[in-house]
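Think of it as A, B, C and D in the order they're written, each chain with its own count starting at 1.
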């Protein structure tokens, strides 16, 4: 798992980068939902176009998106491979028992279209907003403090714990773990026991560290007269382009939903 | 038992008046972890403002435990602690005392160095401008101003240590407890830390196995064993006393041993 | 560059024949982490069977990286490694080489000390009787036979270190790589480890910032900086060379400095 | 086992967020009733990170491997913190590796988190329902139940969502067959997950029993 590469923020000069994080979160979030409502194949090009337009505006490198799309997920892969062959009556092409069906193709087009455009919006959001700023925006929109605190702390220790696991796995391999021969389609009890211990140690070490972290936090006033916690929202005055962008995206979202209702 | 009271305090008032206030006064402190024999037994300890005290003793003698008691994280079974004359209630937040943990990763819990240094001042209720000012000042003092926008996780060990120290300094504590600050630092970073501590003006307590380090920084040493203070006084006198050191599982530091060419290895 | 080949190997055959086999032969090793400048550049290194080699250098100079390469955890960008004449394939399990991690917690994962020491021999496919025999023998050698039924988690730092060593010994490796074995050990435990290492017969490599320790245990020292081997040879000659040490961010150990009474403090 | 963006209609995504909102609110309310909720935040956070990392451990079943979901275990160890923990873990997954999705975050959190809460309650009843069992067996059995039901129920929700939401035109026979195969296919997975959870909980019980008190 590419935990180590979690820093998704890419610094660029663009209107999307300058967009107020709160408005960006709300607008892109609503647009994603509008994309999710699309059921008409005719709207898919519009949706992909919108996503591409916003991606272009964000000036993020294409490689960034390509890298992330290379994990399409087994599920989407299954959809692409299975639906066109199994769903529907209208056969478009036939090779022996294999038949390409129209309804399946349509369903696939819809699902993949929505998937790509929503994912692109997600990566625009993450690529143009540093994680901490995003969290600040979510908090100012009413995310409970406890959730925000937990997210921040887990994020901080994620990489450390991942490194801890990697080191422990190396130590195990150096002592011969995983080198014994295993029979096919069998779960080796001994191996499973050792993996359970590995996981257990990971939990115990994290727990023990959390106790020390808590002490350190208390000593620096955590849980006292709790001040408003750090909200690194950028307090630049909301410029015209901020509102224009927000307005345009919201109009596009509403337009899609209306078109969907008309066509349905 | 030896006792000495040479002052290195830089508090100008105290120096001018030839008088020092008591920073820490602990009397008859006892503590044990649940289901275990007592770690500290009736420990009495007075530290004057501006003192630099080294705490030495073998693994598990109770140095970290003593520090946890002195900053109110643990509650003593009996005895009491006064900081600057005011009694310490365990669990209560006392910004005048700060603790540097042995592992800086325990202490750097924010996602950026700046946020981490700001954590203490924010909890103390300062307004944002004051918080910023404190962050800048503390980072300058610790020499890590260039790291402010980095993520703590990606720093080197020595850098983490200095960021953790800046996080404490931003709260302007009067007493700082350093728990094994040199473990796994390289010699260059260790040297930098020695300079930093030699120039600091707070009352400091340092627990360490690095006796050369204690010798360079502290003007008083306390040797702990079996829950008691065994010796308390001049570092050179205590650490130079081979019989005393060996009786308590320690060794005389090399720089206090008259040099003789010895043969190493077999 | 200095080179010496005094042997402390206790391998009777080798001693009788006045001949030593080559334990590690690495040639033109280069390695860099992704997106970073190279950590090691064209490092060539030969270690004879029975040698005790200290690896020194400032934080981040690549000591741990070198160890990871030598035991096949990391794959070099270029160059190759032979252990006892056989090429090392990264990822392959080579029971003749063992690595002590800096933090023993990385290495202890079982619910009892006994199970933990048995972990290696079990994976090597020995039958239960042989595993037991190896556990007992390794525990005796490391002096922790009394801890066999304890939980590794509840041991002190020094005890954990010795249990981790026993876990390696039970696999009867011929080469052991010790990564900073003395960090945060107290002086008593450190002394015990020195004795233990002085009596061990394996080929050992020790990476450490504790130069006094290296001086007592090793008969050869390698100084690394900027990805190169800067010096290789007699510990007293290299570490006693103040100009060399300071040029690479280190300090001459106290025991090699002629003793003069110095004044400490400000 | 994540539902990616683009599969589910907006109404279902919105419903997922609604259920997630309620479950989070309920969990936070239970958490805030404790004597010192702030004290548990670091513990829950670091364990969240640890669980997220641990879900990359896989069990080799040559020639393939089984990834663990660990949602039952999360419930057993974290109690009411399990739901926020899963929500955060899934958020990271969407963020870091693009698994799952942002519109389906609510649905996925419901799918994993509600069974986790159930697993917690199952495990908590071990001292009432499991009285006749001797001690290590009792903990083991209830951990197994928590782990396997946690995964099993999540898998059922997953299948139900997929079946009701994709192929409107799929003929009934094929649909039943597919669902049956998939459900049966998940039984061995639930057993592996349960056994793993039991082994892990027994290890924790021996080495660090405090972790099971949550």
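Odds and ends about this structure:
Quick note on the criterion: contacts are C-beta pairs under 8 Å (C-beta built on N, C-alpha and C of every residue); 3 or more make two chains touch, one makes a residue touch a chain.
These numbers were taken from a predicted model, which means no experiment stands behind them.
By number of C-beta pairs in contact, A-D leads over the other of C-D and A-D. Taking the mean of the C-alpha atoms as each chain's centre, subunit A and subunit B sit 44 Å apart. One simple way to say how far apart two chains are is to compare their mean CA positions; for subunit A and subunit D this gives 19 Å.
For subunit A, residues that reach two or more other chains under the stated contact definition are 131, 152-153, 155, 157, 197-198, 200, 204, 209, 213, 217, 222.
Residue positions 111, 153 of subunit C are each in touch with at least two other chains. Contact of a single residue of subunit D with at least two other chains is seen at positions 42, 203, 207-208.
If you check each pair of chains against the touch rule, the ones that pass are A-B, A-C, A-D, B-C, C-D. Chain contact summary for the complex, subunit A toward subunit B: residues 131-132, 152-153, 155-157, 159-160, 209, 212-213, 215-222, 224-227, 229-230, 232.
Residues of subunit C touching subunit A in their complex: 68, 71, 73, 93, 95, 98-99, 101, 103, 105-111, 119-120, 122-125, 153, 167-168, 171. Only residues 2-10, 13-14, 24, 28, 31, 36-39, 41-57, 59-63, 66, 70, 77, 84-85, 87-89, 91-92, 94-99, 101-103, 166-167, 169-170, 174, 192, 195-196, 199-200, 203-204, 207-208, 210-211 of subunit D touch subunit A when the two sit together in their complex. Against subunit C, in their complex, subunit A makes its touches with residues 164, 167-168, 170-177, 179-180, 190, 194, 197-198, 200-201, 204-205. Subunit B meets subunit C in the complex at residues 8, 58-60, 102, 156-158, 180, 183-189, 191, 198, 209, 211-212, 215-216, 219, 235-236, 249-251, 253-255, 257-259, 262, 264-266.
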